[in-house]
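Once you scroll down, you'll see the structures, which are given as structure tokens.
Below are two complexes that have subunit A in common, paired first with subunit B and then with subunit C.
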Partner chain A sequence: MTIQARYDLIIVGAGLAGLFAGALAARRGARTLVIARGLGGTHIGAGTVDVWGYKRRQGCSTGGPEAGELVENPEDELTRLEPPHPLALAGASALPEALAQFQVLCEMGEYPLMGALAHNHILPTALGALRPTCLAPESFIAGELSRAGELTLARWPGFRDFYADLAVANLQAQGYAARAVTLELPRLPARRDMFASDIARWLDDAHYRAEVAQAWRDKLNGVTRLGLPACLGLERPTEAHHDLQNKLGVEIFEIPILPPSVPGMRLFNVLRLAIESAGGRMIIGPGVTGWIEDGQVLGIIAETAGGARRYAAKNVIVATGGVRHGGLESPAKGQLREAVFDFPTTAPSKFFAPLYWDTPPYTRGGVRVNENMQPLTADGEIIYANVLAIGGLLAGADRVGEGSREGIDLATAWQAVNGLSG
Partner chain B sequence: MDKNYALRDTELSSDVCVKCNICTSACPVAAVTDLFPGPKTVGPQAQRFRKPDTISVDKSVEYCSGCGVCSLVCPHGVQIAEMNIIAKAQIAKRDGIPFRNRVLGRSELLGQVGSWLAPLSNLPIQNKFLRGVGEALVGISRHAPFPKFARQSFRRWFQKQPPTTGVRKVVYFHGCSTNYYEPRVGQAAIKVLQLNGCEVSLAEQNCCGLPMQSNGEFGAARAKAEANLKKLAPYVRDGYVIVGTSTSCTLTFKHEYRSVLGIHSAEADLVANATCDFFEFLEMLDADGALNTNFRPVPQRIVYHAPCQFRTHAVGRPAADILRRIPGVILSETRADCCGVAGTYGLKVEKYQIAKDVGEKAFAEIRHADAARLTCDSETCRWWLEGHTGVRAVHPAEILAEAYGLTP
Partner chain C sequence: MRHSTEILVIGGGATGLGVACDAALRGFKTLLVEKGDLAHGTSGRYHGLLHSGARYVVRDPRSARECYHENQILRKILPSAIEDTGGFFVALPEDPPDYVQPFVAGCATSGIPIEDLPLNIALKEESLLNPKLARVFRVPDAACDSFDAAHALMESIRAAGGEVWVRHKLVGLMKSSDRVTGAELGNVLTGERINVTADIVISCAGAWAGQVAALAGCEVRVTPGKGTMMAMNSRLVNTVVNRLKPPSDGDILVPVGTVAVMGTTEIVVDNPDQYAIGDDEIELLLEEGEKLIPRFREFRVLRAWAGVRPLFKDKPSPPGPLSRSPSTRTGEGESDNSRLLSRSHSILDHTTRDGVDGFISVVGGKFTTFRLMAEEALDVTCRKLGTERQCTTAETLIDPPGQKFHTLGKRLNEIESSGNAEVICECELVTRAQVEAALQRSGSLVLNDLRRDLRLGMGPCQAGFCAYRAAGLLHTRLTTESTETAEKSENENSANSAHSAVRDVRATNSALLEFLQERWKGLRPVMWGANLRQLELDVNIYRNLLGADRLPTLRAPEEYPTEKTA
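Right after this comes the complex of A and B.
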């Protein structure tokens, strides 16, 4: 097997952590390859940056919306964190710097993310629950629930992936003024079920938006802020959002719905553009394992259509995600196996919690790293000096229960790439 | 060897689908038409209602162009595109294969007859009236751009070349397009390989079979495949690397023979693992420090389109990476996943408009690039993109040959 190509840095995984690391490294001039077996978490996430959303209630074993209270100021909560939580390992400055840089990249992609570490937005979910998040697209902001004013959510007959009445009922039950309005979406019903990505592509087109505005204008009397499923444009979302608001004369906010996640796809597009326009490469498709010779990591081995190919790299960052994303596999009960380098993992003796809504203990399992994001043995020894691990692969966090997923992804990616440049 | 093993394996991959719809969001066809329900719906979802020997429950799978983007973006390894090609073939088996599809599947026969009759055979392709008749009678879109037949085949040219020696042994697979339409691509490729220290042989070969496979003729495609495997495997055993300039042919050796046609033999593995697309091979030479980089300037703005079939090789964009190193070349790249034509899909009258709509993104990027030339590893994409944008399209090997100062 000969070498296919040589890179300074290879990142395995194309979720938020891998893409952000790829964009940072490529923009700093490193010859960078992002390689992944398929697309990652962006396409199934909400497209926001959650940093710390839920406070653990006294005596409760888990966090999460069921057990905890919403966090208004994530900054406060983060100061109490200790290793091995990845945010504590990455250090106090990593998260704010990473968020700022991420906002710069999104701004460059003409897709601004709004917010600050000292304040969570509280936004409605598709079920009418309350979701705390730190950074959200501009097109989400008018849904802020700490703001007074009734919310009007759109029913789109013929669209299966959002039920305005359900969300409205749940919001009302929590004391929020909300109602639903039926707004026919031109071209629906179509000859098949349409997904969020389909509607978003339609709404990229100014002619279609004009048709929409024409059809809806008379139905929005008394509406101050209108909530739509998050489909407001894919390629030019900011333009679509501003244009439709202007045409209808109401504030519009998007609510993230079922996958495919349009807001997540927009983040993917922003980061892909940042990587490629800085000269980085992306290969989506092949499975990847580590290329190790005599105890040294020389790069990765990709399972391409024509068999295994070796890609040489000075440094490798593993950003393959946790159990739900294929970065960690569970070959047998009570075991967690890291898929690329077979790094040692911390696996809890019990994987599951007795109650469905409790955080299953396995989510805290994963790869242990030091403050440079270098994976460690059980004895705390660095395994390979030139291999780092970031994102959902890391041990010590309950990403869902804490509402810390994207914060961990961005902060650990930032910390890893900074360490390489230094 | 159980002949159906791979088919079942491909089909069983539906079991790991979690219905995340990432494939749906990436599908270039579903993005432009509601006639196609998307890869998840006709693939892993419909698969639950199929058994290995029963047909598809839903004919809408016929709108799948086979570009393969879905299989690449799937994070779980579901072989969605492959599953859909098999489902299409099962429908064709039941309903019969239209004459038009049998014609389009026979690119080799067309090439043989066409180049024998050239330039006479080029008249009907350029004649609007005859194209209209062809559309009405056969169902091949009169608007679809077609290439011209070459008067002298590539093989005939090669036979006149003096033999050369080199340190790396390469057996070149030209495919039908280079042999009958664009011998200049093969000529450039041979000279570039020789300049880079390769001893190039030309094996006996036949059509890779992909056009037949795409049009539902699995039996005929398998016969082509078995014949190629028999001809090429001995070279691999002698240490040759198989290098091709037609990216869909090389992909067929690597992938389709095993994953779609279900050929699981020692020869199939041998040939698959020894096959390289042209720039994939050059990139390997480069990683070995063996690529000649004494380039002359080619002062030109060029736009590169990575064809969907090249993406399925999953080796990045080596053509763009190498061309960018030629002094004077200002290279831009398209981001569109597919140009729309997907082999013979866009040539069919009922698919032409869909294929054109898919291509709009690539067309716009190419026009916007304001380039002197367009370059792309796949011939059907080149013909389609040149026809729709008016920008002259060449294989990247031709640009490299120019940079080496090689003349046809």
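Right after this comes the complex of A and C.
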């Protein structure tokens, strides 16, 4: 088995954590490879940066119909966090610095993310629930529910992934002024169901947007802000958003819908561009395991179609995500296994909760790390000095119940890359 | 509200539907009531095996003969729900060789045609089977989709002038001296109470028959035998596979539609509403599956569920007059081992048995013999009512013409030959038009009922994508109905319409959460590997992306009108 290439840093995983770490390292001049079996969590998320969305209830860690109240200022909640929560391990300065740097990268990619750690946006979901998030794309902001003014949501006949009336009714039931308006998408093809990503690609085209504006203009009398499923351009979303707003003369906001997540795909594109324009490399496809000799990690082994290949690296960051992304596997009931290095995991004996919407205890399980993001044995020993773990596979958090997923991804990535360059 | 009928049937499983169908065809004014949805109890939780009877030839020859006879009839009258898969009985090297001779002899005695199959032929037909098999016999088993059968039966009942009310709970039986004169019902969704008077009440409540009989002051002892089974994500076999040994746990594998069902365990439980699935049961099924199909564990398990068999064992010495109708009989086995309790059925005429008139219980039995049970129950009924009406169910086609058992290919063809289909459930290829038609037809507000109607949410994504879409369609349906009602009403005002809008959206939210909870219940016992990964995707969609768990609901999910699992 020949060695394909030597890197300063190999990052395994192409979700938000891995891509952000890759972009940071590459821009600091490290020879960087991001390698992943598949596309990461960006494509199935909301495309926002959630840092802390829900207040913890006394003695109750679960969400559910009586879940904790929405958090207006995530900073307040974060000060009380303790290890092993990854945000506490990463340290108080990691998150604000990571968010600032992430906003810079998105700005460079002409896809600005709006917000600050001291304030959550409260945005409507496709069901009309209230969703707190810290950073959101500019194209989401007009949906802010703390702002006065009626929301108008678009019904798109023939599009199966958005039900404006249901969202409107839920918003009304929670005291918000909202209504729905029917807006036909021009040239919707028969015989094939459209995904959000299909429509986003059409809306990248200025001619199609002109057609849309022509068809919708007369139907928007009295509308001040118009909510659309998040499909407003994929390659040039900011241009698409501004252009359609200008053409229609109303503010437009996007609402994230069922995967594939167009806003998430945009973040993927922004970060991929940042990595590659800084000289970093990305490989998507092969499964990856650690390359270990005499107890030392020399790099990674990639299982490609042409056979196993070795990539050497001074340092490796594992950012393969949690169970949803394959970073943690559950080979049998009640077991959690880390997929690349077989790091020990913390998994509770009781895995699940009785109700679907209760946080199952296993979600707090995962790989234990120290402040430098180095994985630890059950006894607290560092396993390999040059291997770090970040993002979704780390133990100690309830990402869904807290609304903390992307905050953990960015802060732990920042902490890991800083430690390596320092 | 009041209502009157000649025959009132309690229970919307295969037995009740069969009885109501037979009654309606004999010209009785018939009403069937069911507390949940059709096939909500044991019929909807069975493995899908239409027995040839071979399973029972050694120990229970009467059941065997009945099964074969009914198997042949049902193939003719219910083709839309039955797939002629054929069946194998296979012996592993470890299975008792001395079972073969009585099996072969028993099949001959019971008139069940079998074929001794060379192993290489069997393996050619079913290539995943264990190549170390010792013997293989071919039998005329088949697969039956009990949801499809239930729907076809309901259509037949309605076509013959009968009525079917789902989501109506039996609150009490009305009695006048020693006679049951009808029943008090409660609409589970609206809370409305309805008194139904009937000439004869026929209890077809399966494992719940004891509870119904108690309302009439009669004692009927039904042993609820919990059976756990699991659906594999792929159709591992195209032929029903049985183990060639005395019936035991984990000895059948049945191809049903797109899946293969591995079953079953058998555990006697105290209460037919309690059937939590134990990890040991799943482990046992995996272990037995591994014997039939090497590397069975590496295939994805889609879902696990349990049903309760209505095993009947009559009182040792029944009080009251001992004269019984000729077709009435007791269970044969008197052992504590529930596998040895007969799968045979009994028609209990409570006039002769308990001195309570106007009331019949149909107990025991199994899916395959539901038509025969119905025929016998209606024969008793006719005698009681002093009328002579011939049973015609053995010759009457139950199906709506032109329908065939469910296959994915059939739906795909329909979608490809139609216009813009709007596929709401990609796994099972359910279209928007189908969901809308089902919502309108059933009038049900329960998304889980769409699963029984359409297989919505039964595929590998376990409702991850279709639940939101179906909730959107349900909401549209509810608001359309409210608007129509408001237009008809003269006292329409905006306060009313705001009220109904809030009620409609709360009902939709409740239906969505309940649907997801129902799916979760079946997944929890088999939650590892790809299933756990799928769950995380779905939970992230519903909790994180959509915030479904933070919406105003109509009722706490625990109040959902369905069974509780411990």
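Here, the second predicted complex is superposed on the first by the 413 of 422 C-alpha atoms of A that agree within 3 Å, B and C clash if a C-alpha of one lies under 4 Å from a C-alpha of the other, contacts with A are read in each partner's own complex, and residues count from 1 in each chain.
The working rule: contacts are C-beta pairs under 8 Å (C-beta built on N, C-alpha and C of every residue); 3 or more make two chains touch, one makes a residue touch a chain.
These figures come from a predicted structure and were not determined experimentally.
Bringing the complexes onto one copy of subunit A puts subunit B beside subunit C with no clash.
Of the two partner chains placed by the overlay, only subunit C lies in contact with A:Pro256; subunit B stays clear of it. Annotation: apex subunit A, arms to subunit B and subunit C, angle 90° (C-alpha centres, rounded to a multiple of 10). In the overlay built on the shared chain, the residue A:Pro86 is in contact with neither subunit B nor subunit C. Touch criterion met: A:Arg191 reaches subunit B and subunit C at once. Using the contact criterion defined above for the overlaid structures, shared-chain residue A:Gly396 touches neither subunit B nor subunit C, since it reaches no partner.
Judged by the touch definition given at the top, the superposed model places A:Phe352 against subunit C, while subunit B stays out of reach.
Applying the stated contact rule after C-alpha superposition, one finds that A:Ile3 touches subunit B and leaves subunit C untouched. More residues of subunit A lie in contact with C than with the other chain of the pair subunit B and subunit C. Residue contacts after overlaying the shared chain place A:Asp165 against subunit C, while subunit B stays out of touching range. Contacts of A:Gly366 after superposition on the shared chain: neither subunit B nor subunit C is touched. Looking at the shared chain after the overlay, A:Gly326 reaches both subunit B and subunit C. The overlay of the two complexes leaves subunit B and subunit C separated by a minimum Cα distance of 5 Å.
Counting contacts as defined above, subunit A residues 44, 190-193, 258-259, 326 meet subunit B in one complex and subunit C in the other. If you check the complex, the residues on subunit A that touch subunit B are 2-6, 33, 36-40, 43-44, 190-195, 197-198, 201, 258-260, 265, 272-273, 276, 281-287, 302, 304-307, 309, 312, 325-326.
Every residue of subunit C that touches subunit A in the complex is listed here, in rising order: 279, 282, 416, 419-424, 432, 465, 468-469, 471-473, 475-476, 479, 501-502, 504-506, 508-509, 513, 516-517, 519-520, 524, 526-529, 532-533, 536-537, 539-553, 556-557. Taken in their complex, subunit A has these residues touching subunit C: 44-46, 50, 63-65, 67, 125-131, 158, 160-163, 165-166, 169-170, 172-174, 188-193, 256, 258-259, 322-324, 326, 329-335, 351-352, 355-357, 399-401, 403, 405. Those residues of subunit B whose C-beta lies close enough to touch subunit A in the complex are 20-22, 24-26, 30-31, 34-38, 41, 60, 71-77, 250-251, 254-255, 272-273, 275-276, 280, 283-284, 286-288, 311-318, 321, 333, 335.
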